[in-house]
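In the two assemblies presented below, chain A is common to both, partnered first by chain B and then by chain C.
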Partner chain A sequence: MSQPASLPLVESLLDAPLPPSGLAWLDVARQENLEAFATSGLPDTRVEAWKYTALRALGQRRFATRDMAAPAVAVDAASLVLPGVDGPRLVFVNGVFRADLSQLGNMPAGLSLQPLSQALAGDAEPLRFSLSRHYREPGDAFARINAARAQDGVVLRVADHAEIGEPVQLVFVAAAAGLDLAWHARNVIELGQGAGLNLVEHHLASGEPTQLATLVSDIELREGARLQYTVLQNASASTHLIRRTALRLQAQAQATLHVLELGGALVRHDLQAELVGDGAQLHTRGVFMPHGRQHIDTQLAIRHQALNTTSESTWRGVANDRARGVFRGAIVVAPGADGSDASLSNKNLLLSPGAEIDTKPELEIYADEVKAAHGATVGQLDERSLFYLRSRGIPLAEARALLTAAFCRAVLADLPNEALRDHLSTLLVNQLPDT
Partner chain B sequence: MLKIENLHARVEGKEILKGLSLTVNAGEVHAIMGPNGAGKSTLGNVLCGREGYEVTRGTVSYNGMDLLTMAPEARAATGVFLAFQYPVEIPGVNNTYFLRAALNAQRKTRGEQELDSMQFLKLVREKLKVMQISDELLHRAVNEGFSGGEKKRNEIFQMAVLEPKLAILDETDSGLDIDALKQVAQGVNTLRSPDRAFLMITHYQRLLDYVVPDFVHVLADGRIVESGDKSLALKLEEHGYAGLAGRQPAGAVA
Partner chain C sequence: MNSMIDESSSAATLRDNADVAEVLGRTYSAGFITQIEMTGLPPGLDEGTVRAISAIKHEPEWMTEWRLEAYRHWLTMPKPDWAKLKIDPIDYQAISYYAAPKVAPKSLAEVDPALLETYEKLGVPLHERAALAGVAVDAVFDSVSVGTTFRKQLADAGVLFCSMSEAIREYPEIVRKYLGSVVPTGDNFFAALNSAVFSDGSFVFIPKGVRCPMELSTYFRINAQNTGQFERTLIVAEEGAHVSYLEGCTAPKRDENQLHAAVVELVALEKAQIKYSTVQNWYPGDENGVGGIYNFVTKRGDCRGDDAKISWTQVETGSAITWKYPSVVLRGDRSVGEFYSVALTHHYQQADTGTKMIHLGKYTKSKIVSKGISAGRSSNSYRGLVKMEKGAEGARNYTQCDSLLIGKKCGAHTFPYMEVKNPTAIVEHEATTSKISDDQMFYCRARGISEEDAVSMIVDGFCKQVFRELPMEFAVEAKKLLEVSLEGAVG
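Up next, the complex of A and B:
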């Protein structure tokens, strides 16, 4: 099922020894994950989850494990600012925490936010469960190497019933370095009972770096917690970005995600959610817009495990040039999750004959009284709408751009932060082909 | 202004227009009436350049230009407007934004200064007085969730803002209650002017009670089979369309 460990990529990621953490349990977990990675190597396209994303070309490349310059590399601070987002900010450059670019003063009451490197130096016990995890699926190669190699990341906790009004911003900057670099970040986020958090994750580039980055985020919502989570992925054109976001929602918890996938060379996002408590609600919206030779793969997996849980997902894909988009939306309503409501829609537009989008909705229901709907389409712009706009004097190219932007913007419609919504909307429009 | 000669057109391989001829001068209001399937909507769509309508014979000259060779947006910029029988809903595109984009695209093509948002807003306010349309509709997506009457009024409102030279109304009266019909008629009457012509395609003579046409034409089986003044519409109301298709084209070459 896997390619031999002698691939240049695997070799290069195994190259340097693991630095000791000072925590025996953590060193063991890292070592075991590293060994699992060495044994299994990279998944090939026979592994279902990697069917449409071939790693052959990536497997032939080498990336350096450490960037000695990362703590000091210059980054334009203005590029980190997003409209409507002015709360605490944690910034990582090439995977290394940068206090000088972060904003950690005036921390709101009930919010604890620090880099993983600092959290491990203090009381690391609360992180033990998350960081001791072993990844066992055949497709988990990047989660394994992340678990072994991530030295830093975000540790965020919101106390029970605390309401964090200001959006909290997590920024991952890939900065051009003298060498092709691999870096890994690990995030552990927890919202206490009845807590509320507005979170923004931002991936961007400084210069034109060629990198491999992995990011693993574990997000736990305790009873009645509410999370508003916006992800803007605007990585450089030669960054390979592999992310896994695992959400766990306890009873009555609510999470709403808005995900924009704009940048990167090869981008993969495994978005996994478990609705483990009665009445938990998940809303995911996203748009992926690969162009040029980009490859953007989103694997959404939602598991309803408790009574009366709700998930609603709306994803749009727009592929241009010779780009490729992949979307898999798998929903499982497990035995006992009676009264659950699951819906998933993925609509896609192909803007050029060389573009391709592979979409696969999957629905498995093992419970009773379940409402479920899912659908996926791949098509072109509606001819009637195009004619309507043209009949009013709008030239064809402009009419196409207008309709495409509207198609994408649908995923942003319910983002409450208006300034951020407008900004993201502008980024979407800018990503469209010139008119 | 508009001269249609011996127009033949096909839709999906089927001949719908079979030698239609019609002349419309500036300032005139023409009503095109006829039974279902006579080719009324096809005429409107052909004049506006909709894809899928294949002209096989004949010519359409508009202010000296060969209209049939022009792209739909170019026809719009020269002043041709079609009020759709079934206006299209376009989710995600704001009505006001759309209308300003349309007006400015036309102005740009004509070499006129584009309007900034303040100038455009002023124009919209003026036109809102003419067309009783609620402010709220302007902030919604184009036609999305509009009632049938709201969609038709929105068409007339767009016409008021875009100020075309030749306005083609494709069954704008169908499906309207009497109040909406009066509003649409009032909108049209307000826009009547010596340099603007109207082609009103309709199945019923109801609209003609409110917008009095200069000429009435009967379209049957792809041709104009009878032309007259407004009294023709009243005759049709009385006697129906039965038997019209068998008549000889009136003024086969106008």
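Up next, the complex of A and C:
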């Protein structure tokens, strides 16, 4: 571990004092996490979880902790709209809640949705468990600073057996602020027994902001709850976005994730799922498509802890130019988790001589009544398929785009929201290289 | 006195050194399984120990310096902790770093009968059996080679096959050129330790264009209590040369953990082929996890020339702890690396094994087939790296890792790393983990095959792909080994 004090990034994040929250337990938890961050500093590449993502350059940067203009900065409201997504919307600009951009009228029955800052001002007790968490792994630096500094975020609850029809949209806008800014957001999401929710998380940029953003989401699915979760990450080319999503699935709960990683300079997503109840099911699909000098790192960790749990993961990576894609897909089947069925596939395309893909599928199996399999490949577009298309008069660039789009198709194929699916497919194709 | 000293010209100088003489004269008294008197160094490790080992072996000055450099580097290195292994702290000062049979024989006829008997029990085709089996054996009993057969036939073909200490004395130019060129002295903690204190091992040199007339074989054997074995093997195949090398290991029952840190270096020049096969069956500890060998091995091959090929095949059933990653550096264009492995763990055994394929040259190919079987309370991990560097134009890798679980308390893990920097390279990895299917068991049982036999059959089928790569006599031995190792795993 490097000397934390000597790193400008760490210094700048520790710079401002923590504003009091008015809740003694929260202030203590924040202070402890801040101290843990100060002590540990940033993980270097010798920490296994950060083996392929070096923070050396980021560590030399400085970011301001507060953006006084965030509550007022102008954001084009049209950019927030996603096709097929017209339910309640919560918008954060540079980590600050913006009521003027959000849609909170006509809340469906059974849905409670409010910004963390408001939830804390009301009955904060239900948040205590989630917000007093301590992060102990050597690679948890950003979760620590998030726990210490996040002032806002989403608190979402779905009542037992409530079925929320319209997709709920959570928007995180990074807006150019005239200074390099660090912001942190914290989401606490809970689906009651048998509840159903369709959730869309959307990251986008307004202008060309240079930022460091961290987002930590705790998502709990009670017995029989169903979550359809779509993430569109389209941050600005100079945003460093570090996210952690922790899912807990109780018995018979089902979660399906679709993740599109398109933007950002350095992007890291820790996606952790614990299947703690019998019969829980998790499906994750994702595409990461770094180009230019982007670095996109996805760390998927799935833990089967109960009987007859299922997880199925399909991830695709496409790296172009001098970009780097990193993927880790770890599946753990805990002792006694008999009847677990786990599978993971990660296929990657390298489109350019300067690009790099590092992938690491892992299996850790401690039970014997299991089926577990993973596969990973790295390669390029099939020459014969290209030849076939070209021989039918399709120009090379178009043929390549077609094949690459087809390669990524598996990820979005089972997204039920058709309008959203089409939109995401278009975004994917637009990101493809023209060569 | 130690006859190693008598046979050398510099014996007088050594004898004058009272300390060394005293050290060498020290005899182990307790707990031998083979009743041969031992001479060795007392437990402990410092520069003096390194110098003493070098002196005992009458090594030239450069060798002593090489060892010392490795030792000094070792002192600065942290113990590796990344493997999925639970290792009790090892007291490196409690280990004796040199042991040799007290009477060093001048020829096979002088070999101690008790020793030959042990080999007999292990089925080593030494002595007259060697001729029948057609295998040249450079048998290593603890640390000094005690007998070498078929020297003449090999010499006629131009093949050099002898112990490492002999090679250092007789072929210093070759040794100096290649030793440490594949696994540098500071490569890792255990390789550095080995470089400092290695006792002996095998040296093979196949000159240009020669196809080694027979399969070469060494049986390693850990015998003396508290003696770490630090084997050092170097195999060099010059342009167009071919060699197949067999390494087999057994160790008698012993209650204390014994440390084994070997280094094996393979160098294949243009169009050369080296096939290295291992059956490792050291004492795994008893059913309660007491005792057993700690096996920390660095094995690496370097395809230095174009069209070279290095193939590792291993069957790992022994040792309490196995830490071993036979690797290939594919430097030459169109060179080929292969790794075939069966690792079986039972009771409290732990294995963290796999391979590294580093593709540097154009159109290089590698293939990895790893089969892990875990039973009892054991832990069995595959850990592998496939790296395609920028220059690895059109390189290709295929990896298959399968794990079989027998019992509820064991663990089977897979940690493959894939790093690809060339867009024309193709890397494929597949892994599965499952238990022996009920359908298969039912089918066998319905046909009157006992449960134990059925498991053994299914496991044999599971490993077939790897056994096929083994030389014939090894394949038979490997199959038997699995059966024996799995005894009591079912039910």
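Rule of thumb we're sticking to: the second predicted complex is superposed on the first by the 431 of 435 C-alpha atoms of A that agree within 3 Å, B and C clash if a C-alpha of one lies under 4 Å from a C-alpha of the other, contacts with A are read in each partner's own complex, and residues count from 1 in each chain.
Definition applied: a residue touches a chain if its C-beta (ideal position, glycine included) is under 8 Å from a C-beta of that chain, and two chains touch if they have at least 3 such contacts.
Everything numeric in this text was worked out from a predicted model, so none of it was measured.
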{"item": "Overlay on chain A: chain C relative to chain B, clash or fit", "value": "fit"}
{"item": "Chain B versus chain C as contact partner of A:A410, first or second or both or neither", "value": "first"}
{"item": "More chain A residues in contact [chain B versus chain C]", "value": "C"}
{"item": "Which superposed partner A:Y388 touches (first chain B, second chain C, both, neither)", "value": "first"}
{"item": "First, second, both or neither for A:A376, with chain B first and chain C second", "value": "second"}
{"item": "Chain B versus chain C as contact partner of A:L402, first or second or both or neither", "value": "first"}
{"item": "Minimum C-alpha spacing, chains overlaid - chain B and chain C, in Å", "value": "14"}
{"item": "Complex contact set, residues of chain A against chain B", "value": "382-385, 387-396, 398-399, 402-403, 405-407, 409-410, 413"}
{"item": "Contacting residues of chain A [partner chain C, same complex]", "value": "48, 52, 335-336, 348, 350-353, 355-380"}
{"item": "Chain A-facing residues of chain C, complex", "value": "82, 388, 390, 403, 405-435"}
{"item": "Chain A partner contacts - residues on chain B that touch it in the complex", "value": "48-51, 71-73, 75-77, 81-82, 84, 87-88, 90-93, 98-99, 101-103, 105-106, 109, 141-142, 158, 162"}
